[in-house]
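Going in written order, the chains are labelled A, B, C and D, and every chain counts its residues from 1.
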Amino acid sequence: MYTKEFLAQLYKKLYTIRVFESRCIQLYRQGLIRGYFHPYLGEEAIAVGACAAIERHDYITSTHRGHGHCIAKGAKVKFMVAELLGKKTGYCKGLGGSMHIADLAVGNLGANAIVGANLPLGVGAALASSMKKDGKVTVVFISDGASNNGVFSESMNLAAIWNLPLITIVENNQYAVSTPITQSTCEANLFKRGEALGITSQQIDGNDVLTVYETVKNFAEHCRRGEGPFLIEAITFRHGGHHVNDPGLYMPKEKLDYYMSIDPIKRGRQYLLEKGGASDNEVKEIEATVEKNMEEAIRFAQSSDELAFDDFLAIVEGY
Amino acid sequence: MYTKEFLAQLYKKLYTIRVFESRCIQLYRQGLIRGYFHPYLGEEAIAVGACAAIERHDYITSTHRGHGHCIAKGAKVKFMVAELLGKKTGYCKGLGGSMHIADLAVGNLGANAIVGANLPLGVGAALASSMKKDGKVTVVFISDGASNNGVFSESMNLAAIWNLPLITIVENNQYAVSTPITQSTCEANLFKRGEALGITSQQIDGNDVLTVYETVKNFAEHCRRGEGPFLIEAITFRHGGHHVNDPGLYMPKEKLDYYMSIDPIKRGRQYLLEKGGASDNEVKEIEATVEKNMEEAIRFAQSSDELAFDDFLAIVEGY
Amino acid sequence: MAREILYREALNEALREEMRRDPTVFLMGEGIAERGGSYKVTVDLLKEFSPQRVIDTPIAEASFTGAGVGAAIAGMRPVVEILFIDFTMLILDQIINQAAKYKFMSGGKAPVPFVLRSQGGVGNGLAAQHSESLEALFYHIPGLKVVMPSTPYDAKGLLKSAIRCDEPVIFLEHKLLYMTKGDVPEAEYTINFGQADIKKRGKHATIIAWSNMVPRSLDAAAKLANEGIDVEVIDPRTLVPLDKATILASVRKTERVVIVQEAVRRGGVASDIASIIQAEAFDYLDAPIEIVAGLNSPVPFNLSLESRVVPREEDIINAVKKVMYI
Amino acid sequence: MAREILYREALNEALREEMRRDPTVFLMGEGIAERGGSYKVTVDLLKEFSPQRVIDTPIAEASFTGAGVGAAIAGMRPVVEILFIDFTMLILDQIINQAAKYKFMSGGKAPVPFVLRSQGGVGNGLAAQHSESLEALFYHIPGLKVVMPSTPYDAKGLLKSAIRCDEPVIFLEHKLLYMTKGDVPEAEYTINFGQADIKKRGKHATIIAWSNMVPRSLDAAAKLANEGIDVEVIDPRTLVPLDKATILASVRKTERVVIVQEAVRRGGVASDIASIIQAEAFDYLDAPIEIVAGLNSPVPFNLSLESRVVPREEDIINAVKKVMYI
């Protein structure tokens, strides 16, 4: 059903995110990256499955945990590393950093450091598409914590009454920083919140890239026919703490072990091998390419300049 | 099952609200009342049923359409009229006006001119009770429009995880100003929004004072046992436009006729006559008392002084 | 050819003309479509344009404003109406953290052609949560333009410019101005941001005022003229960008300054303008700058008291006399 | 007996002591209980007090803040923590329309003993939505107190007073101060609002600074002292109420003023203080008041640029020299 090429492409993205986060965490530990850094490790299947199911020109809006979305939507890792290092060759000239990377050329309207704020922005992008009739779909990524913020229900309700081509994916990783979902709501099945607003909503395995892909693919088609919006609750789990300096000791070991056992990268590799019929060597080649690309990206970023103060002043001229 | 006294008391409140609003609208037309005035006509059963089901010391928080809640909770109409006339004998010394009447002595924490804002305040009052273990219940009145504001889901979720003694009553009068509920949501059964948060929620006939009374009574008992919160969606309809200057022409005549036919005052009177065994004369006596009381209140308010500028300055000293 | 029209009609014309000119312009707000808005600014626009371009929203200010910002990022030119400036307290994340900073955070790339229309100030007994003057909160934020027209002419020309602006604009009307009349040309025109208008020329003192304090200052100026005192009345029209040049030129001429704002004094825009004048025209000032501002209080419901919390004509007259040591 | 402790430890002590003293005091915020808060201000309080008094909240800032205000009205003394002042943009309805006005609107009857704790300012690369200085927005609102301590001693004494205050208090910390040390007595003390502290006495010029600009101004003062310039450094500690008397007395003595704030200049508190000084000490000023403020820009992520958008020691030194015409 799936071609080898397609599964290879998925795996490459999955593996790229894994390598990107792992290597950047090392750069962080070396003091080369500063500020907040929220790894997407363990949640890769969601971004990759979702972005594979939509087009290059479709929109996404992303979160503080946004590197995965950015890569999945088509960013070049070298410009991402450069941004994380605060260099002028970065996506935002080093002005935004990890929590604000935007890659407008491929429809990534940006990460956001205000939890939940990317959702109304996504509603707006979908509204623009619906007015322009440009056939685009907007996918908004948020997580369980954000669903407790008022903009969640407000925005989903707006999208519903306006029939917007919007797919909101709640990456339910079961934590908001250290607060487990069981402490933040009495109804942990978050998709029900969509249903209560009259929105078709579905809970899925967020660690399975093909499940995510199929679900988004289906909903996106409906969206393009004017039958949106949709809500997807994708169940997943972080592989570590909230950010690089959080050891995440509050995460129960048995749960972590379980989610490690259904690691999205491992499953993506298996799909490529089993459903795609790829050889071990082919997989290794993909991995080697990704790793090499990443090292080049780091070199590119490190050798890049910072934005000069005068160029900075030119940007804020008239503010 | 219900005593005559109890039903007479309910009817007296119902009728008081009806008379208060009708007379004050006249004062408004005469230019004696200024600013915004949102009549509660047609929705009286909700405030009266709910407030009869809780104690004097229990809390309520109210809305821009708050006169009914205020009267039902035990306010004296003379201090209310004085407030509407901006007099210093008013509940808020004439500083608050219609949209801000608070009557702290009987637990009415006040009306609010920001749609939805009274809900988190009510959560806070309920939180205080839960911490002080004072056995109080808080009833929050909002309407359908407010349920689309983010504080609705946020606040209900907080109340749920904290098990607060809170009953939120959505007075679903099917309009927010001129916007019909069908235009503001795809799921007009608003009680489902409570269910999606794991909250026991119930849709009831908001024009039937005894239904409201029974429902709130039952939920309040649960609240006092630590089993809150609850959500009640009380279906009702305004008897006129959004405020006194809105003719409400957008309200379909057949719908209005239907709700007029189940007018809460009429039904309250019937209950008193039929279930309470009161005589026509007894009912007329109640009505006469209410009307007389209202005229006295108007005289009181009209003969009251305004707050002197110096006294005003003393209040804002240090601001 | 000019005709006399109402401030609210001038705004309506601006919206209509820009919507005709540019299909990406659209409106969002509560009760703005069928009902034409609480102050009738958007009246009849639904007759000409589709419900997709004149959108009635639920009471979800934060999110429909955010949706406006998102639509702007995605290439539209939304004009979002928030009924009362008091309610903008619900949307400041979208304005301050998102709209104002989006272009900057994305490395200076993405324009955000977003207009927020709202109105402030005391009306007639609307009380503390419907009467605030809060321009200072927006004025402080880098990345936002702040516009406060005082006449129909300015309202129309500035709103058209706001809609064409590629950066977020906070466009603040005044509820007591909607029914005021003034000359407005039939022909197309716009007014550039950053150009103050000298509403009355004079030589003895400079009054700086905006929004509803402009007509009040002009009334005061007329009374003062009867006493032989000839004041200049400057309306900055846009607080950001501020036309410092016109203000400073006037100050250097008159050497005496009164700044009038309806907002409370503490932390208001008047203080900032005063601080600029004292820094840049220190040697010209013959007297301390007088600020005439709202009383440091929420707005009371009672009408007599309400009239005491905003600057009155006599307060302005007294301030002018004070800076003239009369 | 005083000991050296950290600013964040001083805050922790204040919370602990007030919670012991008064059972109506409780804390609400994100990650403040088990985790002890992002900046460890509430660390270990859960060990001593029940989870009902140290409440971890979902990410629902508007509503848990509103719940705090409601609880205050119902007789409690909540201390609500908002992690970053940037996120207070989500709660301004609760603060500005509700908390600040509730007592007034109810006719002056109901006290609202509510404390909002938050922190602002640049850190180390936290970028535009986690680095703002927004005290000016609260400063402008009648009915709010605004407190910005610069030392552990002030932090503790002022937080205790804030919790005992019957009116809403906006208590603003600075992320770069949490790890700074200072002497704090073992014995109970509080600091009254409205009392500035002269952090260094001097005679040549007056520097007015608050929060993290106080240590920076003191560093500048030390350098200036080496050049024989003796400046006075005044920390108002509470911006509302503002200790005008201490400020004006110093201005009358030195006749030269520099105001230093991390926030951007336009519409900032510095402008307001400048406008007060020019109005009330006009004849004493020997030079225009200099304002040293943040660059008019969102805060960039890049660290070199970040260090350029907030006042540096050399900026303060230059400003002092400028008002002294050196």
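The rule is short, and it goes like this: a residue touches a chain if its C-beta (ideal position, glycine included) is under 8 Å from a C-beta of that chain, and two chains touch if they have at least 3 such contacts.
Being a predicted model, the structure only gives us computed values, none of them experimental.
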From chain B, the most remote chain by mean C-alpha position: A
Pair sharing more residue contacts (C-beta pairs) when B-D is set against B-C: B-D
Whole-Å gap separating chain A and chain B, where each centre is the average of the chain's CA atoms: 46
Centroid distance [mean C-alpha coordinates] between chain D and chain B, Å: 40
For chain B paired with chain C, centre-to-centre distance based on mean C-alpha positions, whole Å: 37
Inter-chain centre distance, chain C versus chain D - centres from mean C-alpha coordinates, in Å: 30
Where chain A touches two or more other chains, by residue: 92, 94-96, 100, 112, 114, 148-151, 154, 157, 161, 183-185, 316, 319
Of all residues in chain C, the ones touching two or more other chains: 58, 60, 62-63, 86-87, 90, 93, 97, 104-105, 127-129, 142-143, 296-298, 300
Topology of the chain contact graph, where touching chains are joined (line, ring, star, complete, other): complete
Parts of chain C lying in touch with chain B, wherever the complex brings them together: 30-31, 34-35, 56, 58-63, 86-87, 90, 123-130, 295-298, 300-305, 308
Residue ranges of chain C touching chain A (in the complex, touch as defined): 24, 26, 52-53, 55, 57-58, 60, 62-76, 78, 93-94, 97-98, 102, 104-110, 142-143, 167, 241
Contact set on chain A toward chain D in their complex: 34-36, 86-87, 92, 94-100, 112-116, 145-146, 148-150, 176-179, 183-185, 250, 306-307, 309, 312, 316, 319
Contacting residues of chain D [partner chain C, same complex]: 62, 86-87, 89-90, 92-93, 96-97, 100-101, 104-105, 127-129, 134, 136-137, 139-140, 142-143, 240, 263-264, 266-272, 274-276, 278-280, 282, 285, 287-291, 296-298, 300
Complex contact set, residues of chain B against chain A: 148-154, 157, 160-161, 183-187, 192-193, 195-199
